[in-house]
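What follows is a set of structures for review.
Two complexes follow with chain A in common, the first pairing it with chain B and the second with chain C.
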Partner chain A sequence: MSKKVLVVDDDPDVRSFVVTVLEENQYIPLIAQDGVEGLEKIEKEKPDLVILDVLMPRGSGIRLYHHLKTNDQFKKLPIIMFTGIALRSFLKSQKVLDEFKGAEVPKPDIYLEKPVDPEVLATAVRKKLG
Partner chain B sequence: MSAFKILIVDDEELIVRLLSMSLRSDGYQTVTAFSGEQGLEVFKAESPDIVVTDIKMPGMDGLELLKRIKAIDSEKEVIIVTGHGDIDSTITALQYGASDFINKPVRDAALAIALERAKSKIAIRKKLEEYTTRLEIKIAEATEEIRRKSNFQRLLITSSNDAIVAFDSDWKVVVYNPEAARVFGDPAKDVRNKMNIDELYTPAIAKVFKNQVKDQKSQRNFPWKEQVIYTKDGRQIPVRYAGNVLFENNEFVGTVNFFQDLTEIKRLEKELVQSERLAAVGQTVSGLAHYVKNILIGLKGGSYIVDVGIQKNNTEKLKSGWETIKKNIKRIGDLTQDLLTYSKQREPEMEACSPHDIINELVELLKGFAASKNIILSKDLDKSVDQVMADPKTIHHALLNIINNAMDACVEDEDVSKKHEVKILTHIDKNNMICFEITDNGCGMDEDTRKKLFTPMFSSKGGKGTGLGLLVTGKLIEEHRGTIEIETSPGIGSIFRVRLPYEKVKPVDGN
Partner chain C sequence: MEIKKLLFVTKFEDLCYDALNSLLELRKAALEHVVFLNVIERDKVAMKRGAGYLKEEEVKLKETANIRFIDWAENLFEMGMEVGAYIEVSTLIPEILKVIEKESPDLIVIGRSHKTTLEQLYSGSDVSELVRRTRIPILVFKHIAEDKIVPEKLFERPLLATNWSETGIRMVEYIKGMKNVIGEIHVIHVVKDSVLKSPNAHAVQKVRKSERKKLDTLCNELEDLGIKARSHVYVGDPQKEIEKAAKEYQASMIILGSSDKAAILERWVGSISKNIADDSVFPCLIIPGKK
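On to the complex of A and B.
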């Protein structure tokens, strides 16, 4: 049975791009516009993988990342970070550090910096879901 | 003070003993001798304060003893006892420095008076001595103090980082410190007390200082001047200089000039300007690159979706991909327009227009987006606002930018319980300006963000803003002789007020 992948991104262009890539690779795409909606979808739809943007309104991308990484229920849920900023900037961003309150920021399973070729994204998804 | 010690010398033992007894009873200490020779020995051994000696003695007589004693200590008080009418001896004794005479036979009263006189002489001398000693110490101290002070002043002038040059009233160089030697290139030995002002300075600087002496106002207040000087050894040194005219009791005694070498400061200033420029360019370029990258993401994504649509003959995909591409082409267009507007001076194109029509248009344009984000977009327009002479493009651009920012601030607000609202208000203020007020209750800004609002390529929207919006808006408003004012508070919201001159359209003749 096809696996479900949730795309959390506030940019509709990015969402439709990722959705198309997922469809082309026989995954079932789910979408959410921000971190809050993202968490709702995760709890309700139980996706197998989350593709998460970092910079979203209200800091909700970082918050969702923190929530997923520190909550036992979601710890095993693979996450692909899909964002416009470099990994180094992400790990050192004040907002991220504040969210984790001094604790070490866990490295994302896969970190992709936009723009990304469809093949690279598809490969990353396959690597996590087989 | 201990009792005075008196040496009594007489060849007649009896007289010696009587005198001795009498003086002891008066409280003096006495030592005795019965000949001149013995007297000298006792004198040397006992060092009495006063000597009373008979003049006529066998062997060494009183005069000889007096001479010897005076040779040892010229200030010793020696009272000579003489017989009646012995004038010659008396004169000789005076010449030798005897301090007093008493006649034989020695009467107690006469001796007492002579002793008192001797004692007071001793006392005076002692005081004088003390005074002299004190004076000497004082003078030594004062001399040392003066030496120290003058040394300190010399050090002060020598070690000054400023070049100090002073002239006497004939314009001869009298002070020329090492820094001056470094700046002017002439060694001190060739300058101090040798050169005059015209030999040391360039004519221009010499004239400045000569004029200063003539002009009362610049005597008191001589602002620092800057100039490049050319040294004798061919260096160019930018300096900053000033001077003071020196007076003593209202009489012109000379001038002192100060020069500061600005070479290092000029170099640092240049470096700073250069590094600030580089930093600004760096920030601008990186901000721009970030934004362009975002457009590229959109274009790549869109073209991929179009490819998929073509392959699968899927019209939905084709449409959605094409929309994305068109949207991002527009973003490039807007960015280019913003960059051009920002970089070029532009005169507003004034025409008769209605600010309210523009606002209504904008609200119509934006209400869809506002509704999708649950933002109430409202307006409260002053009915007295009429047609004005203004550049409608400026008003349109400025308001569109600020309203968009206001809505972004609502979207960005952490407090989702708020009913977010963006309100547009107009009124004519007391300075006859038309005021556009855009209020939002979004996230607001902290001080840091507020300060950077008009910095090129600064964006608080991640890669989603160009960092040019407000910059261009500010520039357009400025060119329109208007002002922009911002009130903001984190978590509460922001108010942007744009004021433009309110120039009503004059009725055309015949209309």
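On to the complex of A and C.
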């Protein structure tokens, strides 16, 4: 059975690019436009993987990542960060949030800085989902 | 009334990171979320004879804005703040209202009016249009110094201009929310010349005394919250006197109220808040009344 991948990104062009890559690789794409909708879809659709942008309206990927990784229900859900924000800033922000919330979230397994070639993205998804 | 989320509306030539940076002092109050908005005016990418819709120009402008926002967002994320961004081809005020609907900010920050003098004459300034259409306080940002450097401590010495209207209570509530960032507040009421027409010196002094007493009560209320406050009574044209007081006390910004009545009247005669917001060299925080 094909696996479901949720794409959380506010840019329609990026969503369209990722969806095309996923479909070509026989995955089922789901989409959300921001962090709030992303969390709703994760709870409702139970995707096998999330491809997550950072800078979005109505809830950033920074907060969503931290929320998912500190929540027992979702902490094992694989996430590929796919963003224009530098990894260094992402890691610093997670550290600050850890200090606020007394948690320690793991680094993302895969962090892709936009733009990437379709094959790089497909390889990353395959690596997580097989 | 706390300022947890602010909407930062920028065209980049008017408001840049230095302005944003001066607002980050509000983190000491309650600020935790900044939403950026860049509106690309339609005429920049609109149909041109023989060229059609300028899609390439739209992509270029959006990506330029995106690069700036990413850079700013990285700094804010590293501080542990939440950041969001909108880049839209649209018309400024309707787009701001749309984002307000989605994000519910506690403060809108906007640069000096984007319209030309002629456009303002016929349709009003962006600021007055925004004041008419939202109940959210608006900070109209300006560069005080000629060298366009933004004051680092925007909230250090605000001048609060009160006319004892119904918006006054809301202004005080709003200031209470900023108590951790305000250094010293100067509270001013301007008595109009017309009120002092009496030839009797005693009557004139009576007006001053009465106004001073009301101001002192307000200052006491603020000092009880830990905000250092000083009261001033000025006489004359309110717009000129408020500007004069702001200069005399080296204010870091002017805080004004704006009532519905003023918003309607200003279309015809111009209101003090609108005129100060449009013309003053000082950043102005306009607090609209309740609906």
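Note that the second predicted complex is superposed on the first by the 115 of 130 C-alpha atoms of A that agree within 3 Å, B and C clash if a C-alpha of one lies under 4 Å from a C-alpha of the other, contacts with A are read in each partner's own complex, and residues count from 1 in each chain.
One rule holds for everything that comes next: contacts are C-beta pairs under 8 Å (C-beta built on N, C-alpha and C of every residue); 3 or more make two chains touch, one makes a residue touch a chain.
Quick caveat, the model's predicted, so the values are computed rather than measured.
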item	value
Partner chain in contact with A:93 - chain B first, chain C second, else both or neither	second
Chain B versus chain C as contact partner of A:21, first or second or both or neither	first
Touched partner set for A:115, first chain B, second chain C, both or neither	first
First (chain B), second (chain C), both or neither touched by A:84	both
Chain B versus chain C as contact partner of A:55, first or second or both or neither	both
Contacts on chain A seen with chain B and repeated with chain C across the two complexes	55, 57-59, 84-85
Partner chain A, residues of chain C touching it in the complex	35, 66, 69-70, 73-75, 77-80, 82-86, 99, 102-103
Contacting residues of chain B [partner chain A, same complex]	290, 293-294, 296-298, 300-302, 304-305, 308, 317, 320-321, 324, 327-328, 411-414, 416, 462-464
Residues of chain A defined as touching chain B within the complex	11, 13-14, 16-17, 20-21, 24, 36, 55, 57-59, 84-85, 114-115, 117-118
Parts of chain A lying in touch with chain C, wherever the complex brings them together	34, 54-60, 62-63, 84-86, 89-90, 92-93, 96-97, 99-100
